[in-house]
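The following pair of complexes shares a single chain, subunit A, combined with subunit B in the former and subunit C in the latter.
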Partner chain A sequence: MDLPIVALLAQDGITNGAIYALLALALVLVFAVTRVIWVPSGEFLAYGTLTLAGLQLGKASGIAGLLAGMAVVAGAMEAWRSIGDGEARRLPARLALWTGLPLAIAAALYFIAPLQPPFFVQILLALTAVTALGPLLYRIAFQPVAEASVLVLLIVAVAVHFALVGLGLWFFGAEGSRTPPFTSASFELGGVTVSGQSVLVVATSIALIFALALFFNRTLYGRALRATAVNRVGARLAGISPGFAGTLTFTLGALMCAFCGVLIGPITTVYYDSGFLISLKGFVGAIFGGLVTYPAAAAGSLLVGVLESFSSFWASAFKEVIVFTLIIPVLLWLSLTTQHHEEDE
Partner chain B sequence: MTTPLLEVESLSVSYGKVEAVHGVSIRAGEGRIVSVIGPNGAGKTTLLGAIMGLLPSRGTIRYLGEPLAGASVEERVGRGLVLVPEKRELFASMTVGDNLALGAFARRRDGEAATRRSLDEVYGRFPRLAERRDQLAGTLSGGERQMLALGRALMGRPKLLMLDEPSLGLAPLIVREIFSIIVGLRAAGVSILLIEQNARAALQVSDDGYVLETGELVLSGPSAELAADPKVAATYLGQGAGH
Partner chain C sequence: MVARMLRRPLVAGLAIAFAFAAQSARADINVGVTLSATGPAASLGIPEKNTFDLVPTTIGGQKINWIVLDDGSDTTKAVQNAKKLVAENKVDVIVGSTITPASLAMIDTAVEAETPMISMAASARIVDPGNPKTRWIFKTPQSDSLMADAIAVSMKANGVQTMGYIGFADAYGDGWLAEIKRSAQTAGIRVIAEEKYNRNDTSVTGQVLKIVAAKPDAVLVGAAGTPGATPQKELVSRGYKGRIYQTHGVANPDFLRVVGKDGSGTLLPVGPMLVYEQLPDSNPVKKVAADYINKYEARFGTRSTFGGHAWDAYLLLNAAIPEALKRAQPGSKEFRAALRDALEKANVVATHGVYVMTPNDHNGLDNRARTMVRIDNDKWVVSR
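And then the complex of A and B:
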């Protein structure tokens, strides 16, 4: 093994690690605010890639159908709730938000896709569409059981994962997709070839993480999400509704996963069911931070990426085994260093 | 008589099959301090939880003349019904300034300038919070935490401020300070519903009082009369009750 190979493997590892880091941060965020272990995050990633690949071919019927279907279900749930609570006067506004807006996005996608807009616009469309699925999914599957225990939420999350894989097969088909690279540029750095694609992925991830940090530290809504994560009762008493916090969190989480999908598209072929394995690697990264610490989750994900890339060189058949075995020493370490907290509520 | 700010009628609250509050009726008038005293476990915190919407209850709660049934906790906060809970429930890993800013979350549509004004007001009332504005809430002393909890509640511009055991676990000097702040708040037009085990201090500052025992109201009336009542004096203000 010589330097160019090491450099190549490291580059691959860091590129993948940056994507895992985004996934890990989304997992930590969703868990901290809503206590949901977001098993279906990988499906959002896959949807991101598949939507962009579809747009490349001028098709968006899959994602548009999925969005429209979920919008109708969410709208029906809102209608049921509004009538049950005797708040019929609020129904039009709620329907506009939960059904009208996603339907408008679905329609826009459906009609713009055949026009073959530029690549950049396609990316924006794919991100918007997949992000819109986040709050809808929260509304349909998680908000009705928001006060349940972590275990119940986990079971719901697993069920949602399977449902979304099935829906993925139905709406996007069984074929795998790959999207073209953002750039084919590459340059020499100290005798090592660095691909522009890798640089772009890492830079985008860092920029997104930076933007999220700003959001959480500087804006009122970001702080409201942190407050909900720190103290749910305190947040309610300050007027921050858990439903609002959950909706916003799932929107952000979906955006981050959709971003991952866009970034990973040129790197690997994504099928409707590819998301799970990728998101598990983000999960291993998130475990480094005990599912609560953002920097540790990001660092852990980078390590996962690098470890994966080197083990695929040395023992490619055991690549996944090596990566997932990593979780055992990490869990041991965490169980020895952190005090056990009783689950409150 | 004008409609009181808060009117609770035959309110019952249960935890599963166990009823903790049985048909309690209380009123809190505009511009007054109303205290509810009683021993540990009398259902005082439960009563506030129900008024705030944190716990399901039977009976009617009318606030500003309208029934509150169906309104979520957050909607009640938005309408000026604000609770400072017994455990304070601060955002420990966030700064004092962030905690206060979030107190105005329900009023975010009033705009930045309104929040700014409330913040200056709170810092004026609690200079110690201003000194510690960049410190994490979790690193504050007990008294400072209570001030921060009060300050965060005031950021929501409450019409009725409900305080659950504001003196709990605090040194006597700080308790005096907290109670003088409460009296100052009434002067500033905030009506207060005060829950206290420290009956002496509560009856001293309040206008009206209720005595709650094992989930039932046993006495009510103007605080001065309650304090003079021999039963109250013996049970709650008796010798050695100087804590």
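And then the complex of A and C:
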């Protein structure tokens, strides 16, 4: 094991770690605001890559159909709620948001896909489509049980995960896909070849993390989400609607995961069921921050990526064992250092 | 009290109902199929499932009920399916499953029920003649050993002296490693690097760096389906200049799509059906493969060698069922035994080769079941 190999392994580990970090941040964000352990985050990643790969071939009917179907269900739920609450007056606006907008995205996807637009437009389309699934999913699956215990929310999340994996097999088929690289450039850095792709992944991850930090610290909506995360009841008293906070969180989370999918597409082959294992590694990273601290989650994810890379060199047969065993000392340490308090339900 | 009074007539009634059900089912032959149309092996199981949509519903003038179940690539579910097929559907023969672990686990159920079973999975262990239970078990795909020999022969012909191996960290990868070590030793080739990876791994950089550092003349990738492209692309991007071999597990159009131009020059052994157009007319397989592939491609698009394994299972039954019908009535223990005996004597030209079954060989394939191909501009080209 000489220096070039160490450098290559480190580069590989950091690239993967950056993707795990984005996933970990999405997990922490969703958990902090809505208390949902977001098991299906990996599916959003896989959907991101596979939708983009499908667009390359001029196909997007599966995801467009899913969007349209969910839009109709969400619209029906909104109609039911509006009439039940005697707010029929507000129904048109709600329908425009919950049914009209997703239907418009689905239609755009369906009609633009066969035209084979430029790569950049394809990326935007894939991101928009997969991101739109986030709030719809929250409206349909999570909002009706938003006040339930963490365990109930977890069970719902697992159910959603299985549903999305099954739908993924149906839409995208059993075989995997790759997307073309954003850049084939590579350059020498102190005698080590660094691929432009890795730099791009790390740079965009960092940029996105900074953008999120700005959003949470400087904007009203970001502060509203932080307030909800700190104290749901207090935030509600201060006029922040929990439904709105949940919807916004799921939109952001879905965007981050879909973005990961776009980043990871050129690096590896993604399958309809790839997402779970990748998000599990993001989850290990998130555990470092106890599912609440963003910097610790990001650092933990980087560690997971680097550990994975080096253990695949030293003992490839035990790679997953090594990575997932990492969670035990971390949990032990967390359980010894943090004060545990039961959630009042 | 009432419940007790009712119990006896109820049981008697049920028994009569079941007897009638069994009676009415006797006319038809029930073939129970369990395959992996979902889960990790879905890319293998889906073409098999499609193929069972194409099979005729009569053989030798007898109506055949094909009962097709999905086991989700799950061993436990495959065994449950086998038990259900035997107990509820009273099948005369079981076909399945798609993958080796599930097939191995189903053996006990088939043997207990004295029902012949035709597996569509690769491992030679499924029909190990040293295991007395395999008396009831047959299989259609080529064994890994047959294909590993073909690779070793090709390597030797290309002047390879040392090789590296990277394969799945599961039964498929381990099986191939064992077989290629044996074949390589026979051919005088040394295996100097062994690495493992998982189907869903996002990166194989570590493993590939270790292999490239060992500088083998050739590398074999022991993987099935599109995951086989991951190490191949990594080897190419790390500037590996030696020959790359793949197994017949990757012989599908999706692999070509995912591996793209990095696949050029890769060598692999395949069943002859994949390249039947390039075979000489004298090859008996050509006509059978053309017949199946025309039917399949007319309905489901591009051919798959895995669908061929399912069609071969049908062709074996097509030959054996008329023989068994001469000796016993379907639905009986005697019929199942007769079917087993007929399968053991089968001599059938099929899509993947010529099956010559013997009591010691329940696979029955020989060199006619393999062809070396090279990937050339996204096409399979018959090679040496």
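Here is the rule we go by: the second predicted complex is superposed on the first by the 343 of 345 C-alpha atoms of A that agree within 3 Å, B and C clash if a C-alpha of one lies under 4 Å from a C-alpha of the other, contacts with A are read in each partner's own complex, and residues count from 1 in each chain.
Operating definition for what follows: a residue touches a chain if its C-beta (ideal position, glycine included) is under 8 Å from a C-beta of that chain, and two chains touch if they have at least 3 such contacts.
Computed from a predicted structure; not experimentally measured.
S.K.: For A:233 in the superposed arrangement: first (subunit B), second (subunit C), both or neither?
M.R.: Touch status of A:233: first partner only.
S.K.: Among the partners subunit B and subunit C, which is in contact with a greater number of residues of subunit A?
M.R.: Looking at subunit B versus subunit C, the one contacting more residues of subunit A is C.
S.K.: If you stack the two complexes on chain A, which partner ends up touching A:220: first (subunit B), second (subunit C), both, or neither?
M.R.: So A:220 only meets subunit B here.
S.K.: If we overlay the two complexes on their shared chain A, which of subunit B and subunit C does A:86 touch? Say first, second, both or neither.
M.R.: Touch status of A:86: first partner only.
S.K.: In the superposed arrangement, does A:241 touch subunit B (first), subunit C (second), both or neither?
M.R.: Only subunit B; A:241 stays clear of subunit C.
S.K.: If you stack the two complexes on chain A, which partner ends up touching A:267: first (subunit B), second (subunit C), both, or neither?
M.R.: Second partner only, subunit C.
S.K.: Tell me the contact category for A:178 with respect to subunit B and subunit C: first, second, both or neither.
M.R.: second
S.K.: Between subunit B and subunit C, whom does A:312 touch in the aligned arrangement: first, second, both, or neither?
M.R.: After superposition on chain A, A:312 lies in contact with subunit C alone.
S.K.: Considering each complex separately, which residues of subunit A are in contact with subunit B in the first and with subunit C in the second?
M.R.: Residues common to the subunit A contacts of subunit C and of subunit B do not exist here, since the sets are disjoint.
S.K.: Per the contact definition, I'd like the list of subunit C residues that touch subunit A in the complex.
M.R.: Interface residues on subunit C, with respect to subunit A: 38, 40, 42-43, 46, 169, 195-207, 209-210, 213, 225-227, 229-230, 252, 254, 257-258, 260.
S.K.: Over in the complex, which subunit B residues touch subunit A? Could you list them?
M.R.: So the residues of subunit B touching subunit A come out as 52, 54, 70, 72-74, 77-78, 82-83, 85, 88-94, 98, 101-103, 105-108, 152-153, 156.
S.K.: Quick one: in the complex, what on subunit A touches subunit B?
M.R.: Of all residues in subunit A, those touching subunit B are 85-87, 220, 223-224, 226-227, 230-231, 233-241, 244.
S.K.: Inside the complex, what are the residues of subunit A that reach subunit C?
M.R.: Those in contact with subunit C are residues 5, 8-9, 12, 15-16, 19, 166, 169, 173-178, 264, 267-269, 271, 273-274, 277-278, 308-314, 316-317, 319-320.
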